[in-house]
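What follows are several structures.
One chain, chain A, links the two complexes that follow: it is found with chain B in the first and with chain C in the second.
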Partner chain A sequence: MHDGRRKQDATGVRIDGVSKAFGSRAVLRDCSLDIEAGTFVTLLGASGSGKTTLLRIIAGFLSADRGDILFDGRSMRGVPTHRRRLGMMFQSYALFPHMSVFDNVAYALRMRGDTDRLAARVGEALELVRLEGYAQQRPDRLSGGQRQRVAMARAVVANPPLLLLDEPLSALDKELREQLQVEIKTIHRSAGTTFINVTHDQGEALGMSDSVVVMGNGVIQQAASPQELWNRPVSAFVARFLGGSNLLRAERRGAEARLADGTVMKVHGPAPDGPVELAVRPELVTIGEGADDGANAVPATVRETIFLGEAIKIVADVAGHTLEARVPVARAEAARPGARLVLRWRPEDTLALPAEAGGKDGAA
Partner chain B sequence: MTGRREERWIVFALLLPALVLYGACFIWPTGVLLSRSVTEAGELSLVNYRELLETPLYLGVIWTTLRISVVTTVVCLVIGYPVAMLMERAGPRARILLLLAVTVPYWLDYIVRTYSWMVLLGRYGFVNQVLMWLGLVDVPYSHLSSELAVLVGTIQVMLPLMILALFAAMTRIDRTLMDAAAAHGASAWRAFRTVYLPLSMPGVIAGALLTFVNTVGFYITPALLGGPRQTMISQSIETLAAKLFDWPMAATVSVVLLVISLAILVVFNRFFGLERLAGGDR
Partner chain C sequence: MISRTEARVLWFCATVALFYLLFPVVVVMTVSFSSSKFLDFPPPGYSLQWYRALLDEGWLSSYWITFQVGTLTALFSTLVGVPAAFALARYDFPFRRSFEALLLAAIIVPPIIKAISLYLFFAPIGLANTVLGLVLGHTVTGVPYVVINLLATLKGYDRDLERAAQAHGATPLQAIRTVTLPVLAPSVLVGAVFAFLQSAQELLVALFLLGTVEKPLAVRMWEGVRISLSPTIAAASGTLVVLALAALAVVALALRSRRRAPA
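== the complex of A and B ==
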């Protein structure tokens, strides 16, 4: 199934100014996005942020109020779902309960009239998901993980150039989820087709995808590679949703920003002058007076320390904010609850981000 | 382990009223009925059954009953299926309106409904007036005392039940299954045929069963809307028992009615499994 696959077997998807409202509630507002053929893209957002709605518009279950979906440059307006050459996985598995595992998988071939070597191809798909012995079982005899594997076999058996995944792993427990994440990635790599995945799980999005699209308030907040997203969130909204970052309210003026208590630090980042939030990743914070190397240094009082194995998490009070640092165990001897010390981080790791209008909605 | 026997006694005690009622009101009369039909002058005899099989009148009644019941069931299914489907697909408000439209007639006593058909189908009834106004008939004649009139009555009485049985089964169909079918290449029609229709079968079976078994026992509707040639089994039982005082023959025809109903249940159970109707399907 691996080699010899031609590049044109993957669909490039363009989302062009799509808006959608249910009644008076705007769920998607002017969303535009280019998805390159063959990539694994994840739509990431809190529950209710419109991910499923966007995926359903791509699938053709819903039509956009405004805007268009293009596959390989061709408008999909008026093209019904069954002609869009898709595979799809659902959170609820959506296996046909009145059919055997075999017939569920064969369905995707039979409906397309693509029945050459039917049994052999269904067998191969079941082998791919390691369910060879289960062809004649009914889906309700299988565990959740097995059901989702059957759904995966059904989704890929016809080699669709575009696979849509609507939170297929969110009903499974953690261990299974991680196992299936690896399997889905492996299948993507060998199929070479386009995968559009939907999740509210940051770890899953960052771990599986070539590109992550953060959605919030009906808008695409940022679309970038996982590394880019992690290191260079474009807004406090994105940083907050990805989680882990310290966010400090400040007032920016040029290359400097002033915290509420008057502390001044050097900053980078895209936000214009005015109110900003400074994002500082915990693992980039160090302890100690150090030489005058131009780093931002602030006095802090340790509130709590938490042993994480390879590192220690220090929760400290800094200039009226709570700040987290993650420090290698050997470097954290001075950190005891109540201790006063200096926390440092580099100006280029101090991202000044546009403050969120209206506070924290959309955070996970 | 210890509570097991005790539990069984409690269950039995709780069931006792039902068992007594069931025995007194069903088992006992049915037994009497059966014994009446197979005795002649105090002796065991099948002479009643022989008479039934040798009398064209009785056979005709049975045939008419089966024919009307089958046609009623099929027509209710054909009309009811799309209505139930529309109801299941409708938004919450439209769904409630449709549900009311279907169930309100069902709450009305069916004798009332049957009488209103007499008015509508009679010589100077609404149907004739419309037909004459349209110029389709010149001389008014009564549509009553015909098989069509009986069928209109039985179908109208049974349709709500059929629709509700279908609707109940359809609401249990997971809507994402139709999405999954479409996503994997099925047109709307093929998705219906391969997924929706098979999954709605418990409703089809339940509805057909209810309609058929109920129609077989109809009495008022054929009596009011039909003529002598539309006599159904229940009417002949009434005639035999109340007018001719032929109790053994009345019992025999009753047993035939019971056997027909049971036979239908057995056949359905054999091919579909009645437990599926309770929703324990898949």
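== the complex of A and C ==
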């Protein structure tokens, strides 16, 4: 579509020290974040993390107790939702049940008095989401995936420079969800506008976004690209929430850390000396005695093996912890339940992270 | 699954209950077409003479009064009930639950107590023996019907609909006008119909607040029954049954369109 024109029309969003409480419950605490125009940013967190509240403040449905939201450097304080030039998608689709698909999509143009070439533009939007033949249908005649596509058409028809996605995929089943992830990404690429997505699904966040903002307890825990988040989580909280990592409690002293049973290993990572959690990704663990190459090597007892197709997941007991390894099938012959073997991983793959209060051992 | 015996017992009970509920209506409807001068059952022959008798001036004015009072009651009940339901569903304020209970009480209070207290309240301020007075009296009972109906829908109403409207350019008022109200309209209509029906069939409050100067339908029927047992009363009842059936049809249609809207 009109690529060149639209690429320039994207909103840059700055969240500046935003706090919000409902009664005595602090939902957001001093959140600051810069969202560059044209990027796809996902707020990722569990329920109660504050992600939805933050999105609603950006949309103008709620106002911040402290702090401000700026669009392209302009304060949004006192600017009502309908003048923020938004498109928005919801978990519940939020299609107007008393209107046809056409009228639902046209709504975003009519309410803005932007009715030039109305029918043609609604048609284009429906074409974009592959629902050309459905203009006169009522939403209740459509499937969940089709409804969310109508909602997508409504959200983009007016070419808003900022699109807000309030968990739009979480009501759909896995297959549809993955399909729509691709479609939303494609639309983002061609529109070139700013997308802010909210989800509790780590895979969706990492897969769709230019940048992921992990939220927990009303605080922004880490904002980074998916790769950086995956490889360099800044805290055990983030590693645990992203999932998949082994987390071992240890006591750090310099470049070494001691597990509870006395095993010592070499570590990297940002945590200062003292109690830490060591994050080790299962796919970086190997089996075998090996040469003395400086790797961390620990004796382990295999508890269970799980065949994953291209790899085998080994669940083993290591120094009083449960550890997961993901090993190519050809190299996992020795792994049988009850077998004793040595698990190894490199010191640079052993991330010492600030321990989370009350954190637990084992794979997250 | 239920067994054959159970099915038979259920069928028998349902038939008895239905017969019990409908038999009086059937009798009245039959008598209303009677050719006799008395309330004989079964009637010796059939005619429309008693419906023709309803066309006399007194009866017509009763229909007119009842229509006026019922319509205004439905209107007032809606005007008060809709904002009340919104307040109860969306805001938390002190004694919110008490207000909700109080509204229900307006339906449960014995009509004779309502009639006497409304009369004592309205007489000194000049509202007794006026159409407006009776409308206000009936509105007391009409409001809860509107509130209860709308409250049930509002509690399941997806606020994201309003948010979606505003996100896509509607002012808050436009969002309510173009989305919220149309979606809720069937529920409001059902409440208004109930408010109208309860007004049209109500006797005691009507007797106290207007009965000495005008004769709403229920009052005229009551007086008719006391003085003469002519089948005109049966014919008037017949028209009320038809009115109730029509209202039921409206409600059914409204509910069907409400069900089509996803909650």
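In this section, the second predicted complex is superposed on the first by the 353 of 364 C-alpha atoms of A that agree within 3 Å, B and C clash if a C-alpha of one lies under 4 Å from a C-alpha of the other, contacts with A are read in each partner's own complex, and residues count from 1 in each chain.
As a working rule, contacts are C-beta pairs under 8 Å (C-beta built on N, C-alpha and C of every residue); 3 or more make two chains touch, one makes a residue touch a chain.
On a predicted model such as this, the values are computed, not experimentally measured, just so you know.
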- Superposed partners chain B and chain C on chain A - clash or fit: clash
- Now for A:A94: first (chain B), second (chain C), both, or neither, which partner does it touch? both
- Between chain B (first) and chain C (second), which does A:W230 come into contact with in this model arrangement: first, second, both, or neither? neither
- Residue overlap on chain A between the chain B interface and the chain C interface 59-61, 80-82, 86-88, 90, 92, 94-98, 107-108, 111-112, 138, 140, 154-155, 158, 164
- Would you mind writing out the residues of chain C in touch with chain A in their complex? 158, 160-161, 163-172, 174, 178-179, 182-183, 260-262
- In the complex formed with chain C, which residues of chain A make contact? 59-61, 80-82, 86-88, 90-92, 94-98, 107-108, 111-112, 138-140, 151, 154-155, 158, 164, 166
- Across the complex, what residues on chain A touch chain B? 59-61, 80-82, 86-88, 90, 92, 94-98, 107-108, 111-112, 138, 140, 154-155, 158, 164
- Note on the structure: The residues of chain B that touch chain A in their complex are 174, 176-177, 179-188, 190-191, 194-195, 198-199, 282
